[in-house]
Amino acid sequence: EEISEFRIGILGGENAQDRLNSNECLRAKTEELLGVETKLFAPADYNGVIQGLLGGTIDMAWLGASGYAKTYLSDPEAVEPVLVKVNVDGGYGYYSVGFARKDSGINALEDVKGKVFGFGDPNSTSGFLIPSIEIPQQTGSTMQSGEYFGEVKFTGGHEQTIVAVANGDIDAGVTWADGLGNWEDGYNSGALRKAVDAGLIDMNDLVQIWQSKPIPEGPVVLRKALPEDVKVKMTALMASMPAMDYDCYYSVAAGDSKGFQPITHEAYEVIIEARKLKSN
Amino acid sequence: MADLTAQAPGSVAEIQAQYADLTRRKRIYGGVLLALFIALMMAGFRTADDRNAGSFADGYQRIFDYPAEVLSEAGEKVAELPAHVVHFFPALVETLNIAGAATLLGAILGTLLSLLSTRGMAPWPALIPVFRRVMDICRAIPEIVIALVLIFLLGGGPVPAMIAIAIHTAGALGKLFSEVNENASLKPVEGLNSTGASWAQRMWLGVIPQVGPNYVSYALLRFEINIRASAILGFVGAGGIGYELKNSMSWGQGKYDEAAAIFILLFVTIVVVDQISGALRDRLTHGNRKGA
Amino acid sequence: MLRINKLTKRFGDKTAVEAATLDIDKPCMLGIIGRSGAGKSTLLRMINRLGDASEGSISFEGREITTLKGKDKRAWQSECAMIFQQFNLVPRMDVVSNVLHGTLNRRSTLATMFNLYPMADIHKAIEILDRLGIAEHAPKRAEALSGGQQQRVAIARALMQDPKIILADEPIASLDPMNAQTVMEALRRIHEEDGRTVIANLHTLDTARRYCDRVVGMRDGRIVFDGLPEQLTTGVAREIYGAGADFSEAATSTEIETLDKTQAVRTAEAYV
Amino acid sequence: MLRINKLTKRFGDKTAVEAATLDIDKPCMLGIIGRSGAGKSTLLRMINRLGDASEGSISFEGREITTLKGKDKRAWQSECAMIFQQFNLVPRMDVVSNVLHGTLNRRSTLATMFNLYPMADIHKAIEILDRLGIAEHAPKRAEALSGGQQQRVAIARALMQDPKIILADEPIASLDPMNAQTVMEALRRIHEEDGRTVIANLHTLDTARRYCDRVVGMRDGRIVFDGLPEQLTTGVAREIYGAGADFSEAATSTEIETLDKTQAVRTAEAYV
Amino acid sequence: MTTMDLNTAPLKGQMDKLFFKKRLMNFGIPAVILAYLTYVFFAFDVPGLWERASMDNARTLVSDTYSYKTHVTRDNRTGDVTYAVEGERKGEYPEGMSPEWVTPGTTTVIDLTGGHVVRFGPETIEYDIPGYGLVTATPSRTQGVQAILPEGDVPQWINLSKNRLAITTDAGRLTVTRNRAEVFRYFYGWELFFFTLDSPYHGLNPFELAGRAVSGEAGAIWNDFWNNKMWRHGDVAWAIGETILMAFLGTFGAGLVALPLAFLGTRNFMPVRVVRFAARRFFDFVRGVDSLIWTVVLARAFGPGPLTGALAILITDTGTFGKIFSEALENVDEKQIEGVSSTGAKPIQRYRFGVIPQITPVLLSQLLYFLESNTRSATIIGAITGGGIGLLLTQAIITQKDWEEVSYYIVLIIVMVMFMDWFSGWLRKRLISGDEGGH
């Protein structure tokens, strides 16, 4: 069994072209390793990459945990998780943080009662799935509009949530952060940090109102139907990247971290259950 | 052809030769054009296929995978569809309102722009090219661009979509309206002018009665188009039924029944509005022809 | 009253009216004749300020007309009604509305847009229509009327303006002889009964002779004749029309009495 | 040669042609006359197989025509050219291309799709056009030609088919007398010079008399007269046209010689 | 004349009624429109929106479109100072290089012009603000950011908290947190538009560049420009090309597919009612579903990319063209077809010569009209999945920085659509010239 080309899907969070640029070195290495033409694709949203994996038009991607769960639920035979990113501190995970404007008088989740609450993309783990399960546990209610919160919206993505909160379109929202570093910097990495760096928000104007339990980092997945040797080669390539070419690793992993570590489907069963819970 | 008549060809042989020449030229011209078109299509297809993740050859059998997935889930939960339809109805109303308000505002603005840029009607003839360019630009910017920028400024919701569609509509209708205006008679305008009527009076009393039915007909056509546009803008956060559709579609398995319900709602609306406005337009332009 | 001094109008290189000078002291009915392109329409349009003059002045009762702008210009236009060869009515509107357009300048823009004309105006419009013998067509659309009727609606609109001067640019050129006569008689009556000044461009000598108190002849933009109808001899006419010795009166006649000569007129006109 | 036997055509209840029987032994020029709705067009269309017969048979040189299908039917159509009252050309294509349509049946579908006709055909087309006196219009679009010229293009298309029979359905009804004469003369010449059979539906008696060797009269779908032009007396004509005693020859005449009677013809035709 | 009063009185009454009716209409229609707009105004919560509308964002957006900022960043733990255009890695000044308005040293002095000077000292950060005074801030791991301001109230443009100090002035912006201190200085223009800092051609004027180009470096110059990491001209050109490609393939592909299908939906060419009905409903269906939904459906089968977008346009427009062409076909003149059939032409020839010449003007003008409008659709479809300029644009907007790129893309899109508009108009004129008489 042979493949004639290898296609890597890249998720959002950055300019499409920036994404392609930062993964260009991975593309070159893959092409060299596999000896077939390798292409990068950066669709507009999570769903684009997931549809590609399900339809067999994308061979490898680095998904979020919820995205993987969706893929698995749609077709358990579509992809398998192989690697996960490990943080500098050795753990693998990040957080969903709830935040609001300081001048809105909101300091805790309870203050948002009856007001407008915003999620990001429905397929985002930290922007929707985890908070939509953990927040009701804390409030003792549901996430239906009008039950606890006055209205619950999807803003479309982390970036839009931040701007919507800063503008006052929504009273509070959730986004992701690595939980390292300081609030006033927008943490070491995450959507808040990017917005701060872009000069879009001033962290002094925002307050954190909630933080989730650690969320498992999403897996690097390979299409199950790929030939075995391709899977092995690609896993090895990704795993050895920090050692081989740290610069490339840095841009692929979007920041400093320790490296990739093998992972299996079992690590995501909790997330899958959570996702099932949210389906009707 | 010109040389043919110029020389006033006498003999049949001469005409034959000239016609043969013409045919050969036509054949070459036509052949080159056809070859060019085929080559462009083929090369274009190859390029697109190459730059696509999946190729056409692999993918065409899978075209129905996705609809099948949606339909099978919707089929399982068919009992819930009516409830979903009711639930999402307000979102549909919002989408229709976006389209309706945008069409109205766009038509009003387009009327103004078209009057300002038609020779003989414009109050400032020197500015005609300016208004023409304004219309061109309004028309050229895809709605999604304006909507996204406005969402950044105003936050999500229907208003950015409405403004975005209205701007585009103003440009598109403005162009169509000015074509209608060109065909309107200027005599009544001059007549009103001679009585000392102001510009607004000249336009309202002299032009609008002539062009009204055509305007309405074009505006209705635009309304159909705008419903789609407003649904699409929902996809990027502008509210309405498109927003709901995107959320349930991108959630995927587990909410496909909602997606199906929304889709049915949207599809039925589009078809119904198409039919009604088609019939109305037919009446308008027909009645107009009789009247004129 | 109306004093036109060295009035000139140029379109690019072409001089349409050249240093036209004309003086009207008391209300009269004035006919302007001249061949096609002589500048008759241009002159009238300048008086009504539908076109701006290049040089020269027009003054009415001491007021300078050529320099009026905006509101003042429109006010002048309302005092100086214009009647066109092609009637220039709003064809899809009813007759009364068309007549009421004569009041546009006096009424607020907004009110007229909503058809809020005072009842008195509406009644007056109907009376004027009645005076011109077409009251029964009042509710019809203007386009449904014959040419002669439409021209009378145009005259009614002009009267509705209650103007001091009525300008008529070849008011009968699109009409058949029967209708032409009705229209010219209406204009004459307006002059006589209301004492308004009427200036009419006319294509035909005999019409000018028959209805006007004074005739002005134009040729190539210049006023080449100004006198009483009686002074308008065939020789003078020849000069105005720039025709040769074969010039015949009939060539410019549209009187009903000469109806059977129509064929001849056509041919002759083509020559003129 | 052509043998029509009890040919009948019904449209629903209506019988357009009823048991028409006709025999043509040798090439001739045959005129069919009859008032509007008599079934003339229907008869010709059945011969060309543009319409199917309800009953009866048509045979040509022993071959049965009414039962032909597909390829054979088309082959027959190419042998039996048809000329229409409204010319039925493709107005957006040039004259020569229109003439070349006469060869469609013989040429491969694919080649004709791309307008690839043999040069020899093109030359022949132009020769035919020359014969009909319109060669200089060869490269023009058909729509740019006058009615008479267009009808000659239609005749050229028919000749291009190299047919054994030419059917002409009121070929001159849309033409003015001048053009009508040219067209009829062309048809007559084709019959005389090439020896082809021409069957023409004609509206007018005198045309039939003047150009035809034999005249057939139809009334209400039946053939009520079949004879020499000489036998076509006013009495017979009256019967064919179902007219009363006030029937006049002039009513169906479009000859140039009777041009000044046109007015009368119009009125009379309306009556017929 | 004498009977005037007799016959005008009822007429006046009649006219009064007529005008009353007219006024009712005249008020009614605008009143309905106004009422609707008012309803929408409140349904969409426009007043609330206006209140919330973020003028700050507008300012950021507008200023960002014509200016750029250079970041000077000090890592408070290591004391390293870095310089980067727009704070991006690819805009970083190479090691050892610094902007001329910065004097590196133990104390880095940053001149923000107009007397505004920021100093990154070994321990403290100072900002000398003319007309206000000196602000000093000492970041420390344990005590947060200790700031000393001049006497008086804290002005609005200083945002101070325990761990963070932000000063925004016209000259620039300083933020100090425990980890970092950062200054932005704003400049006009689109920096690095032609060459990035690591290119040897950065900062050369056109004449020098022309000189270099003549001396054989044209290829290298073009290469540095085309592959500019910041603006990625090559990729943008590809994206525009992809968008036009989608429109082209979609439109003409749809034309080719729709033409034969259109015959099935016409009364005169399709006698079988069921087929005709089915064909028409099929057109309605694919049109009604909309290209957007088709994009989503096709994304599963073909994955992201221009082909998916092109096919989505193709399918939708097959419906539209099917409808338009059927209507054109129903209006064809039967005489021409009959003329061609009477010569014994085969059915295909009959269509070719009897029908096609009649509908080509409609066909071509519709195709070309849609080519232009599909360029716009392709931009939108690209944004949803396919790629092309639409994806670049929406992503640039959604990530909410790089507004200069957004404005660049918007300008490109407008130019592209206007070009296609002009081009299709030009083609239409060329191909159908003199054809108006054909109908």
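Order of writing sets the labels: A, B, C, D and E. Residues in every chain begin at 1.
The rule is simple: contacts are C-beta pairs under 8 Å (C-beta built on N, C-alpha and C of every residue); 3 or more make two chains touch, one makes a residue touch a chain.
This is a predicted model, so every value here is computed, not measured.
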{"item": "Contact-graph distance - origin subunit A, target subunit E", "value": "1"}
{"item": "Starting at subunit B, fewest touch steps before arriving at subunit E", "value": "1"}
{"item": "Chain at the geometric heart of the assembly (C-alpha centres)", "value": "B"}
{"item": "Farthest chain relative to subunit C (centres taken as mean CA coordinates)", "value": "A"}
{"item": "Pair of chains ranked first by number of touching C-beta pairs", "value": "B-E"}
{"item": "Per Cα centroids, the chain farthest from subunit E", "value": "D"}
{"item": "Magnitude of the superposing rotation for subunit C and subunit D (Cα, nearest 5°)", "value": "170"}
{"item": "Chain centre separation (subunit C, subunit E; CA means) in Å", "value": "56"}
{"item": "Whole-Å gap between the CA centroids of subunit A and subunit B", "value": "37"}
{"item": "Intercentroid distance (Cα basis), subunit C paired with subunit A, Å", "value": "81"}
{"item": "Rounded Å distance between subunit C and subunit D, as computed from the means of their C-alpha atoms", "value": "59"}
{"item": "Touching two or more other chains - residues of subunit A", "value": "7, 9, 41, 51-52, 55, 57-58, 156, 160, 163, 167-169"}
{"item": "Residue list for subunit E, restricted to those that touch at least two other chains", "value": "52, 54, 57, 296, 299-305, 383-384, 387, 394, 398, 400"}
{"item": "Subunit C residues counted as touching two or more neighbouring chains", "value": "97, 113"}
{"item": "Touching chain combinations (by label order)", "value": "A-B, A-E, B-C, B-D, B-E, C-E, D-E"}
{"item": "List of subunit A residues in touch with subunit E within their complex", "value": "7, 9, 12-17, 20-21, 41-44, 48-49, 51-52, 54-55, 57-58, 156-157, 159-160, 163, 166-169, 181-185, 194-195, 197-200, 202-205"}
{"item": "Residues of subunit A that touch subunit B when the two form their complex", "value": "7, 9, 39, 41, 45-47, 50-52, 55-58, 70, 73-74, 121-123, 153-156, 160, 163-164, 167-169, 275-276, 278-280"}
{"item": "Subunit B residues within the subunit C interface of the complex", "value": "185, 187-188, 190-198, 200-201, 204-206, 209-210, 291"}
{"item": "Residue ranges of subunit B in contact with subunit A within the complex", "value": "51-54, 58-59, 62, 65-66, 69, 80, 151-152, 155-157, 236-237, 243, 247, 249-255, 257-258"}
{"item": "Subunit C to subunit E touching residues, read off their complex", "value": "94, 96-97, 113-117, 119, 122-123, 126-127, 130-131, 135-136, 138-139"}
